Structure formats: structure tokens, C-alpha cells
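Below, chain A partners chain B and then partners chain C, in two separate complexes.
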Partner chain A sequence: MRRPLPIALAVVAIALLVLAPLALNGYVINLLYTTLLSVALAYGWNLISGYAGYFSFGQIAFFGLGAYATGLLVKDLNWEWVLAALAGGGVACALAVPLGYVMLRLRGPFFAMGMFGMAQLVRVLVTALPASGAGAGLYLSPDFNVADAYYWTLAIAVGAIALTFWVDRSAFGLRLQALREDEQVAGTLGVDVTRAKMAAFTLSALIPGLLGGGYALFLTYIEPDAVFSSRLDLQSIVMAILGGVGTVWGPLVGGVVMTQISEALWARFPEIYLMIFGGLLVVLLLLLPRGIVPALSKLLAERRR
Partner chain B sequence: MNVLQIAVDGILLGGVLALSALGFNVIFGVMRVVNLAHGDFVVLAAVFSAWAFAQLGINPLLLLPLTVAVGFVAGALIHRFLLRRLPPEVSSAEAASLTLTFGLSYFLIGLGMIVFGGRFVSVPYLTGAFHLGGIAISQARLLAFVVAVVLSLIFAYVLRTTLLGRAIRATSQNLEGALACGIDVDRVRTLAFAIGTAVATAAGTLMSFVASLNAGQGVAFTVNAFAVVVIGGLGNYTGAIVGALILGLTESFASYVLGATLAEAAPYVLFILVLLVAPAGILGRRTA
Partner chain C sequence: MSDSLLVVDDVSLSFGGVRALAGVSLEVRAGEILALIGPNGAGKTTLFNVISGVFRPARGDVRFLGRSIVRAAPHRIARAGIARTYQVVRPFGRLTVVDNVAVGALLHEPTIARARRDAREIVGFVGLDAYADRPAASLTLTQRKRLEVARALALRPKLLLLDEVMAGLTPTEMDGMAEFVLRLHERGIAAVAGVEHVMRLIMRISDRIVVLDAGKLIAQGTPEQIRRDPAVIEAYLGAPLGDG
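Right, the complex of A and B next:
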């Protein structure tokens, strides 16, 4: 299927994002970085929770592990940061395989809260490790370029969108959606349910694992509450839900919209930010319960008729 | 510190945790909604009680009827005007209610921070202790425990004997069956959410003389309530009380043996283990 317009749009958007650090000031780059990070995190979550239907509150564990792995490798072993950040993704996958094997037996809210607990457990254990500064934090040399973290995150965000684009059209994606609707029926139809779930879980651990390394670079100071932030985790979930769970473009739309709203509120009304953000979320959810993207495509479909 | 002292502290803490978890449990049981704003109701009531004690000098026990009433009305309104308007289809209902209560949680934290500020407050009430054979029993903790037990018994009585209680249990066990019996399920849900919230605010008022809190501390109570309910079995009310005592004891011993940092992980280890070994809760009755 050839669709020249969307492809051209995507190329232009990526080119603009690549050129952005050359032309824009620090605040805008920070905002773009935050947006890209949230979008990419939302895509990671969307694979296991949107497509496979396993609602996770603990993907931040992989993000934090990636950040700490990168920090320790760069600081103590003098690794190149790119290699260290890749290794952070590897560490996340290495944890995801045994963890998925155990946790994916749980379902619904049990899996959701089990993953939440697991993330807290990983945070507490990492904090207690003497090598990781034992909660006092880990200082990296501040002479890293913010642009490096930006490009790294941009590459992962684009990769995550491309991956989702492929999953949405592949037999793998169909298997995931089948097991989301009814796991037993999918199993009787010959879907290797465990394998499909494990693959989705590992992929959705790889993405935050890789992002963690970039975040370590961006902060230059790693501490447990910053990289295992349950608020960051929940915000990315909200973005995916507002955009549209289990859709290709939902996390992108939701992430871009929510980050801008959130930043604008933070800049203007810092003291009532939380209240407005929470209230806005409730209102948006009641107006658009299925998310922005499904609502838009429904609108477009009605127009065409 | 001896073992008995740690056990006593754990049991006294468990009493208040049990009350908070009962509220969480009735909402999950009837509506299958994991209420992420649960802990924020607990904390808001606690901070409000501390404020009223400091500013107006009102005894927090006299405040209990007020916080319970406010919690009840707030819960009923939240169900009527927010949760009930979510789409009914099953596949996204869970995600939608989680997001909605998450937004509500932010709203309540923000509200609490604006109204009461970010300072950690508690009610300096009954600061003495009874001494029994080398064990110190904090009077405030004992009072909180006793009131929590009384409220839990009232809750159990309402659930077991009244028509409303039977309707709540029927709806928890079998939605279609309840509908077929002519139960107004929609009304039961509103009442269940109202009761769950009222129980949370009652637990909050009691927490105010046990712990120092600010409006941002709600997550810990949500997690504790979830852990208690998982240990006891979702929708299983006797189990929740047993679960709360186990959690209270675990937290108390863990902080003594492992130190404060690692002890933070204790409730999580406990509930993940229970989820994996006995997903229906330690009493093993599957009602969900």
C-alpha cells in the first residue's frame, strides 16, 4: 500500500526534530525532550497493556534500572555512554524474561498492582545497594551534551513508533489482540499465548530500559525517586489512555497533548497545578472515554459516509 | 525492644489498616474498581482532623461523625457524576476507572496541598502510654485501634444483617444474579462507593493521632489497602482483617529487623508472594 502523504509528513517531522537543537533555545529543547520521553514511554506501555491487555503499573522499574545501569557503567567502568545505555536496555530485558514468566500468570488488577509492587521492590533494592550510592544518588560528570540525550530519545521514540506500526499490522499483533480479548479462546485457536505475552512484555521493558540511559545523561544526577518516579510512570499511562489504548497513534497524540497542557499549567499555575491536572484528566476522560484517536477516526468515518 | 513489644505495635497498626482496607474492599467487591484515590481520602481526613484540632481545638473523636458524613456524600457524588458516566463495555472499563481514580487522586492531593499546605501534621492527643510488664502501649494507638475495631464490627454487622448489606454482598458475588433478584445494582454501587469512602475518611481521622502526614502521602495508604485486600482475598471481608494484622505485624517486624529502607519493601514482597502462591487470598475463598 503506497501512501505518499503520511510518509512525507513523517519524514518532514523527523527532519525538523533532528534539526531542532541547532536552532532552538534550551527551554524548548528541554520541552521537546520531555515530550519525546513521555511519548516513547507511552509506546512502551502500549505494547504490553494496550495490545496484549496486561495493564502494568510497573514499567518504570525498567526505566530506573536502565538509568542506574548506564550511570554505574559510565562512572565506575568508564564505558562510552552509548554502549552503557544499550547495556541498560539489555539489563531491562534480562530482568523482564524471568519476571514476565512469573508475573504474566496474574491477570487484571492483580497483574497491575503486582507490577506496581515489583517496581517499588526494585527501587528499594537498588536504593539499598552500596554500589548505587545507597539512595544518596549518583553524580555523573556534567560535561555531557543535552543534545546527546535528546537524539538518543528521539531515535528510541521513532523506533518505538515504527515497532508499533509493524506490530499493528503483523500476525504477532493479531495474536496479542486475540489474547487480550480472550486468552483461553486464543489458546485453543493455536496461539502460543505464553510466548506472545513474553515477547510483548520484553519489548515493553526494552523501550524504557533504553530510555533510562538517556535520562541519566539528561539529569547527570541519578537518585531513586527521580528515575523510579511512579508519577512519570502513571503520566505516560494516562497519555496512552487519553490518546487511545492499543492504537498506533494514540500514545503520540496523547503524549504531545498532555505534555503541552501539563507544561503550560506548570508554568502559569504552579500552586494549583496538581489539582487542575487531575481535574482536567477526569473531564477529558468523561468527554473522550475511548481516547482521542479512536474518537477522531470515528468522526472521519462519519464524515466520509 | 522485645518481640512482644514489636508484635503489639504491629497489631495496633493493623487495626487501622484493616478499617481502611475494608473501604477499599467494598468498592472493589461491588464495582471491580481499584480506587487509586482511596489513600488520598484517608490522608485528607487525617490532615483535616489535625487542622481542626490545632485551629478550633475540636476533639478528633467528635470529628468522626463529620468526616464520615463528608466522605459518604463525596463518595456518592463521585459515583453518580463521574464513575457512572464511564462507558459500560468491559474491555476498557477497567482502564477507564483506573485512570479516572488516578485523576481524582491528583485532584485531591492538589486540593489538600492548597487548603492545608504541605506541612506534616498530626493530632497531639493522648501522647502517654500504658506500661504492662515491660511493654509500652501508646494510648493514641490503642484508642485508634479500639475505634477501628468498633467501626469494623459495625461495618460487618451492616453487611451481614441489613437488606443493603445483603444487596452489596449479592452484587459482589454475582452481578447477573443480583439483577435477576431485582436488586437496583446502580443504587447499590453508589452506596458502596459512598460507604467505602466514608470508611476511608474514618480511618484517616484515626490515623491523625497515630502518624504525621501531609496531603501527598496518600499513595502509601492506597498500596497498603491493596496489599491487605490481596492478602485477605479481594471481596473477602474477614480476610481483609486477617490480612491487615499480617501486614501490620510484617511492617513492624521488618522495620525492626531490616531497618527503615528495606522495610519499605516488606508489604510489596508480602503481597507479590501471596498473589503468586495463593491468588485467591490466604483464606482461599474465591469470590472475585
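Right, the complex of A and C next:
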């Protein structure tokens, strides 16, 4: 089945985002960068939490790990930043395999809390290393171009969406959704649940791991609070939930809607914008408990009848 | 014994001091329909859980096609050729009926398109065509029972464990299910049907009957033998057998 319109739309959107740094000012580029970053993080989270149903509050650990790995490789070993950022993704995966093997035995709130605790532990361990400047952080050379971080993050965001698009239509994705609905039944229907969960968890670590390196370049200064940021973690989770958990377009739609609302409010009500924003989120989620994308597709399906 | 498909050998399992299974041994022969009968709590579902790898017994062995499967993960047992249904139906509620069945079909059809094609055929076979693309959560109980069977069939099993497939069905629906089990028989698929009551229907379709009571095997034999067995009559408190 060919659908030329969505493909054309995607091509135009990507082209505009690629050209954006040439035409727009620093403020807008920073805003675009942080939006892309949160959206891409939301896509990473969506694989393990949306498709496999393992709600994690700790994926930011892989982001921080990627940032520190990249920072150290660039600073101490003079690696090319692209290679260092790729290695950051590798480090995240290397941790995800043993961690997932243990943590994915937990379910529901126990997994969510366990991952939150693991993220704190990873943060403490990484920042305790003398090489990572302990609590003081790491200064990178300030000559890094913000555009590099931007393009890196754009590429990973597009890659994460493409990956999710594939997962949603694949046998792998069907197995994940089956185990999300009922893990025991999925097992007796021939699904190797451990393998499927591990694969989803590792992909969910790879994406933040790769993004961390770009963020290190963007900040040029790495410190624990900035890269193991609970705010960034929560923000991306809320984006995915608002847009629709376990859907292809949910994190993107949620991310765009949230950033737009946040910017509009911030400009008009600088003192109380967070209060209004919080209230608005509560109302939106009460009205659309499963998120924007499932609500829209339901509406479209009803129209068609 | 040469044609035995499944051998359950002296299996015991307790839950917090309650003996769910106490030294149960039985065999299922290739292509036969075996009824597993016993009152509520007799251990039928526990035995199905042991055979399908959901529980690991404290003692004893389970062999399928001559190989021990007692320590194997559930998905390996499914791949070996044992499929089961659940007494309390457990559809993947948010997935469509076809996708519910396609999960099992992936075992033999590596691509999702072929697994779905396979699934659609099986969905038709159990008479759910009209609901194929609806979410499974929208099905009625009877339809969910059929979906359970469809999902199990998608594994192309050699042995099908049916946990209380008759429960909650109207007499007409029970006849339909019995017909269905007999059709499996024609296809050479062995079935173990766990049922609470010794119904005339079960008597008619099963080759052999095994009776469990309080985790113990108290009788086994042909339907005729079971009907006259004093231990069975005792277990059912003298309830008239073969009726209902």
C-alpha cells in the first residue's frame, strides 16, 4: 500500500528541520534542539514502556552515561566527537544487557521504582569516578558547533521514529504488544518473552545513550544534574503519555503540542506559566486518558463509518 | 507405551502447604482425546500449568515425545508442540482478534503478513470471521473461548490442553465445542480436555478418562469403566454420573 502524502509530508518536515539552522536565530534553534531531544527521548522510552508495557522511570541513566562517555572520550582520549557519541550509545547498550536481565524480572510499579533507583545508582557511580570530575563536572572545548549537536539529535530523532514505525508493523512489535497484554499467555503461545523484553530494553537504552553525546556537545559542560536530569526524563515521559503511549506518532505529537503550549504560556504569563501548564496537562489527560493520537484515530474511524 | 505422546511421571506440587498435585502419573497417546475430570480444586489447571511450563513441579518429570520438558521455558514447550487454553479466558484485549491469533502463528510463519494470513484462516475455522479486525476486548465470553482455541491452534500443536472449554457455555454451544474437538481428532491432534463434571457429552467424545480428586489421580479408564468406578462415584458424592 503506497501512501504518497504522508511520505511527502515527512520529507518536507525533515528538509525544513535540516535547513532551519541556516535561517533561524539562536533562540529558535535552541528551542528546536530541546524539542527534538525530548521527542527522541520519548521515542526511546516508548519502546520499553509503551510497546512492552514496562513503565520505566530510569531511562535517563542511559542518557547521562552516554553524555559522560562522550565527554571523557573527547576530552581525555581526543576522539572525534561522532565516534565518541556512537561509543556513548554502545556503553548504554553494554549496561542495558545485564541491567535488563535483572530488572525485567520485576513488573509494574516494582520495575518502575527499581529503574528509578538504578538511575540514581548509576548517577552516583558515574559522578564518583575521579575521571569524570566527581561532582564538579567536565568542561569540554567550547569550539563545538551547536549545529553539530542539532544535526546529531535530528538524525537520532528521525531514526527513532523510523525504528518505531518498523517495530509497530513487525513481528517483534506484535510479540512486545502480546507480552504487554499478558506475559504468561504470550509465553505459552511461543513468544520468548525474555528475549523480546531484552531487545526492547536495549533499544530503549541505545536511543538515550546516543542522544547523551550530542547533549554533552550542546552544553560543553557536563555535570550530574544536567545530564541525569529527572526533569528531562519526566518531560519526555509526559510527552509520550500526552501523545499516546505505544503508538508510532504519540511521542512526536505530544512533544510538539507540549512545546507549543509551553512556549505560548511562557511568553504571555512568565510568572505563573508552570501553574497554568500543569493545570492544562491535567485537563488534557482527563479528557484524553489514552492520549491525543488514539483519540484522533478513534474519531477518524467513527467518521468513516 | 511406544505411541505415548506425553508422559506425566509422579508429579507433585504444593502451594504453601496445600498439596495441589500428589504423585500424579498419566500418559496421553498420539491422536487421542483424553478427558481430565475432577471437581473444582482437584488440580486440573495446576496440572496444565505444569505441562505447559508455567509451574515447575517440586517432584516428578514430564516427557513429551520422549524428551523431558519439566525444566523448559513455556515458549520452548509451545514450540515443541503443546498448546493450551486458559480456563479464565485471557485475550490480548487491545489487539485485534487476528493479531491475537497471529502471535502464535509467528512460530511457523516468520513474517507478520504470512502469520496474519494464517491467523485469518484459523479465525474463520473457529467461526469468528465477522470479528477478525475488532479488538479482542469487544468479544463475548463464548467468542473469547473460541479465540482461546484459535490462538492455541495457530501453534499447530500435536497436543492441545483445553482447560474448561465447556464452562459457561449453553448446551448448544457445548455441542459445537464437542464437534470441534472431534474435528481436531480427525486432524490427528491429541487433546486433553479438563472438565469439572462427567457429562454425557464428554463420555461420548473421549477415548479415555482420567479422574483427579484433591490432587490425586483416583481412576482412569474408558468412559464405561469410569462410569462404574466406585472411587469416582465417591468423589462426586454419589451424584448421578453421565447426566447433565
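Simple rule for what comes next: the second predicted complex is superposed on the first by the 294 of 305 C-alpha atoms of A that agree within 3 Å, B and C clash if a C-alpha of one lies under 4 Å from a C-alpha of the other, contacts with A are read in each partner's own complex, and residues count from 1 in each chain.
In this text, a residue touches a chain if its C-beta (ideal position, glycine included) is under 8 Å from a C-beta of that chain, and two chains touch if they have at least 3 such contacts.
Quick caveat: nothing in here was measured; it's all calculated off a predicted structure.
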Chain B versus chain C, judged by how many residues of chain A each one touches: B
Partner chain(s) touched by A:260 [first = chain B, second = chain C, both, neither]: neither
Partner chain(s) touched by A:282 [first = chain B, second = chain C, both, neither]: first
Chain B versus chain C as contact partner of A:181, first or second or both or neither: both
A:297 touches, of chain B and chain C: first, second, both or neither? neither
Touched partner set for A:145, first chain B, second chain C, both or neither: neither
Partner chain(s) touched by A:190 [first = chain B, second = chain C, both, neither]: second
Touching partner for A:170 - first (chain B), second (chain C), both, neither: second
Chain A positions touched by chain B in one structure and by chain C in the second: 181
Touching residues (chain side chain C, partner chain A) in the complex: 52-54, 73-75, 77-79, 83-84, 86, 90-95, 99, 102-104, 106-107, 110-112, 115, 151-152, 154-155
Residues of chain A defined as touching chain B within the complex: 49, 53, 55, 102, 105-106, 108-110, 112-114, 116-118, 120-121, 124-125, 127-128, 135, 180-181, 230, 234, 237-238, 241-242, 245, 271-282, 285-286, 289-290
Residues on chain A engaged by chain C in the complex (per definition of touch): 169-171, 174-175, 177-178, 181-182, 184-194
For the chain B and chain A complex, residues of the former touching the latter: 28, 32, 34, 82, 85-87, 91-92, 94-96, 98-100, 102-111, 113-114, 219, 223, 226-227, 230, 234, 261-262, 264-265, 267-269, 271-272, 275-276, 279
